[in-house]
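Listed below are the structures to be examined.
You will see chain A twice below: alongside chain B first, and alongside chain C after that.
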Partner chain A sequence: MTTEQRARSLGVHVVLIAYSLLAVGPILLVVMNSFKMRNAIFGSPLAPPDAATFSLIGYEKVFRSSHILTYYSNSLIVTLVSMALVLLFGAMAAWALTEYRFRGSTALALFLSIGIMVPIRLGSVAILNMMRSAGLNDTLTALILVYVAQGLPMSIFILSEFIQQIPKDLRDAARCDGVPETRIFFEVVAPLLRPAIATVAVFTIVPIWNDLWFPLILTSSDSTHTVTLGVQQFLGQYITDWNSVLAALSMAILPVVIIYVILSRQLIAGLTSGAVK
Partner chain B sequence: MPESVSNITAQMPRAKLAGLLLFFLGPAVAIYTLFSIYPLVATMALSTYTSDPSGARSFVGLANFKTLLGDALWSKPFWNALGNNLIFFAVHMCVQNPVGIALAGLLSLPGLRLRGFYRTVMFLPTMLSVVIVGFSWNLILSPLWGVAAGALKAVGLGSLFAPWLGLESSALVTLSLISVWQFVGIPMMLIYAALLNIPDELIDAARVDGLGQFRIFFHIKLPLVLPTISLVSVLTFVANFNAFDLIYSVKGALAGPNFATDILGTFFYRTFFGNQLQLGNPTMGSAVATVMFFIILLGLCLYLFFVQRRIRRYAF
Partner chain C sequence: MANLRIEHLHKRYGATAVLNDVNLKIEDGEFVVLVGPSGCGKSTLLRMIAGLDGASGGDIHIADKLVNTLAPADRGIAMVFQSYALYPHMNVRKNMTFGLKFTGVPPAERERRVTEAARMLRLDELLGRYPRDLSGGQRQRVAIGRAIVREPAVFLFDEPLSNLDAALRVSTRVEIANLHRMLKSTIVYVTHDQVEAMTLADRIVVMNKGCIEQVGRPLDLYYAPANLFVAGFIGSPAMNFFEAKVAGVEGACARVDGPGFRSFDLPATSLKMGDTLTVGVRPEHLARREDGSFTVEGVVELVERLGESSFAYVRRADDRLFVAEVRGRQTPTPGERVALAAANRDVHVFDSSGLRVSSPTNT
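Coming up: the complex of A and B.
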């Protein structure tokens, strides 16, 4: 490496490190200060907690004065059930659209793709009316139904691309042996879709877990709030109690960060695999 | 694609095919139609009605839209929200795309070490909830905590600090920049993926011709990823004209100070759901949602007819 090349590479790293700091700095700052006593939060915000300033008072208050565990379990139920249904129904629909030739298949594919671009949020007035008249208002079921409808178009689009790549001989061999179509899908094709799950998950789990709008519109009691809405309301109520606010923020950040760090390789592979080009 | 359909399925009896289609497509089409398409259509239909205090609805044609665009009580906040939304979008286009392109360009440099680490770290904010991001920045920029003021003072720019989120003149741009900070990961990743897809031969040929990294990037790589950049732009457009969470969690439903940060999403929420100042009005709310739908549709059409059609698709 010549000196000039070395200098240039150093410059690139300086820029990337600076931007990385800008990206995680605010998050680190919030999490770090949530473990400190009030006067340390204000006295030296940039210092990490030490033996003298360490405190869990904010977390104690959050546990005492909010239903944070209920919010977590609601978010978990809504996200996992929605994702499972999006994957199952999405894969089935993608299979039918790519495998069978029938009149209107192109029109149906176009119809299904409207939902990729047009946000379902714009139908909220009617969604709320429907849920009220069906008696589903303020239930997790209402959220799940909306999220499945929201996630399906993208998952059908991505899974269709995957199904097209599966060798045709595989399913035709099974057909020659007289295996019924449903078994071909569930026993031959579905297991091969496993790598697509991470990709579909990126486009379903994250928006559902982070959504504020539908929980705000469709749920009204503490027992049905999700983490995002629960924390948002808690923050509004305790705005002047910095220990609690920082602790509540950290509790909303940490699960996402942990899952992200574990899955980041698959998530990024999914994002960059050409699913959206 | 006829060749992808095997002969065996093409010869299937009609009744059997219909049964299979019903089984495989039924659940997805039913849920999607019932909870996504039907509500959109029903909302548009509802926008042509009005309801009296007893709850009875009567058809009024386009009167709601006339009120929304013509009656000063409605049109002033509407045009304010639309104008603010355009500024919100403009800041994204002017900051998010160039920063995303620059970061993607750096990340895709050949032989870069720690590539995976940078990528993971820089994408992290995109994964977080908008509520969390908004609130965290609210604390950091708060004069009470003094983190931002202290940071500026440390580099000798202390006099520049102001409570940006609280001032009518700077609140909207500050919120837009917070949103850019969070979502710059998306253009970065998509453009990065597109840059990696450029065949090495093209780059090698340019290098043999004596072009430096800088010129290779601007003259060869950038034109090749233009389709991705326009896709990112249209995704940003749809997301921006539908945004709500950030403003609501930092500024509340009233989008203060003095509606300076009010965008269509918060205006829609107030109209439909109500707040301290007004009762919720589902029919006017539907009218606002319908207008938002047509704005998004207009953006999509412009993209499809002008951008997408002119871009030459390069087959790699």
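Coming up: the complex of A and C.
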């Protein structure tokens, strides 16, 4: 390595490390302070908890005074079911739109891509009315339906790109082999889409888990609140219970981090190597 | 085992016609090779036989059954792709058995067929491997194995060897020939490679711009090309062409004359005085000899020595180049003036529409 190269790589690393600190810093701060006493949070917010300041009071309060476990399971159900549906329908729609030419296929593709550009929140009032008249008000089903609609356009877009990269010969070979179309999709195409599916899963999960807006307008009882909404009850207009807020937030972050770690292994592409030539 | 009959087959993509009235009859157990320049529609024809592309018109019969509307799997064909198209997430055994699951082959029978194919193709050791861990030649054999286990009536190969290196290509070629001898199945095989075509084929189909130019046994195409295109396409280096004219007609004989060669007589009843002709002679048929009726002279410009033979590039008086293959150690030297002749039967004469007229007779 020449000095110039070394200097350049050093520069790149400095930038990347700075960015990582910036991104990870707030999370670390939240988690750290959630284990501290109230005085310590405000006294020395940047210090890690030590023997004198360590306290689980936030977590105790959260578990005692709220339905955190219900919120948690609501969030998990909504996120995982939405993700599963988005991936299933997204992959199937992407396959249909790229593989088959049928009447209106271009129009359908265009219609679906509109969803990428128009934020679904613009339709909040209509969605609210719709859910109310369908009797789905204050149910998890309502949230799932909205999130599937929100996630589908982008997932179809990304998966279409990946499906186009799967060699056409592979599908033709399967057809000559007598594999039915549905099995071609599930047993030949879908396994090769794993990296793409992981990407889409991450893109789908994070906004759903973090969403505050739709739980706020679509759910009204404790039994249907999600974690993000549940945390809000500790943020008062006059007094905020910081211990509880930070503890609840830490717990809300955890699943996203875990899912990301699991899926990021799948993000490694190159699965198709050896298929052709 | 089955015959294959293609009648008035057409294929259009929008306004462009890719196949034009293709008619072809292939006998049971025949090895037919499709050759032709890039883009002439070979793959398209093969894919239509397989049922992967629909026809714009015409009929395809396999084993005397009209298959126009049948799905690929129901046609009794198996296709081997140029890119191998192995399922990357399945091991070799799974690659071969995957399709059988869906066509109602019982597990014991699947196992028997895989074992049989693996033995035939020397894949026994590789059954547990994934495609990414195989060499190009091994992948090719797996692709062929996947076709064999289907026990198809007709095998379709689309340039199966073109991704292999030269040595492997030769050995795999021999294997395919052996395979055909053992299985005795009907094979349609697309290739760019003349040697493959000549060595493997029972009959060769020469295609050009979506039409069949000639169908015939390899040596027939070589020694009696039906038209200018086939004459120029089959053989390497390509046939030399000389412009010519009918200089006179005497009874059933036409005198052919042109720049750069000595005029000769041709038994031809339909030719008229002044007709333009093309005379074709293969480089390997030109030699320093006395008895040929066709003699061409020129100055040697360049000699390519290949060992057993050499190619001499000779410039004629009218400033055109032609190629002659010279065998043995006595290679001509550049600058040397040579007269080269060809035997009567090696001289091909084509009329102005490119169709073969006849060869000159001894006079």
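The rule is simple: the second predicted complex is superposed on the first by the 219 of 277 C-alpha atoms of A that agree within 3 Å, B and C clash if a C-alpha of one lies under 4 Å from a C-alpha of the other, contacts with A are read in each partner's own complex, and residues count from 1 in each chain.
Here is the rule we use: a residue touches a chain if its C-beta (ideal position, glycine included) is under 8 Å from a C-beta of that chain, and two chains touch if they have at least 3 such contacts.
Note that the structure is predicted; figures quoted are calculated from it, not measured.
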Which of chain B and chain C A:G135 touches, first, second, both or neither: neither
Partner chain(s) touched by A:P167 [first = chain B, second = chain C, both, neither]: second
First (chain B), second (chain C), both or neither touched by A:R183: second
Touched partner set for A:R175, first chain B, second chain C, both or neither: both
Chain B versus chain C as contact partner of A:G43, first or second or both or neither: neither
Chain B versus chain C as contact partner of A:P191, first or second or both or neither: second
First, second, both or neither for A:M92, with chain B first and chain C second: first
Partner chain in contact with A:S20 - chain B first, chain C second, else both or neither: first
Broader residue contact with chain A after superposition on the shared chain, chain B or chain C: B
Interface residues of chain A shared between complexes with chain B and chain C: 172, 175-176, 271-274, 276-277
Residues on chain A engaged by chain B in the complex (per definition of touch): 12-13, 15-16, 19-20, 22-24, 26-27, 29-30, 41-42, 45-46, 85, 88-90, 92-93, 95-102, 108, 111-112, 114-115, 117-127, 129-130, 145-146, 148-150, 152-153, 156, 164, 168, 171-172, 175-176, 181-182, 185, 206, 209-210, 212-213, 216-217, 228, 231-232, 235-236, 242, 245-246, 249, 252-253, 256-257, 260-261, 264-265, 268, 271-274, 276-277
For the chain B and chain A complex, residues of the former touching the latter: 1-2, 4-6, 8-10, 12, 17, 20-21, 23-25, 27-29, 31-32, 34-40, 42-43, 46, 103, 106-107, 109, 112-114, 116, 118-125, 127-132, 135-137, 139-140, 145-147, 150, 181, 189-190, 192-194, 196-197, 227-228, 231, 238, 242, 244-245, 248-249, 252, 272-273, 282, 285-286, 289-290, 292-293, 296-297, 300
Complex contacts: residues of chain C adjacent to chain A: 47, 50-52, 71-74, 77-79, 81-89, 98-99, 102-103, 130-134, 136, 139, 146, 150, 163
Chain C-touching residues of chain A, taken from the complex the two chains share: 167, 169-170, 172-180, 183, 187-188, 191-192, 271-277
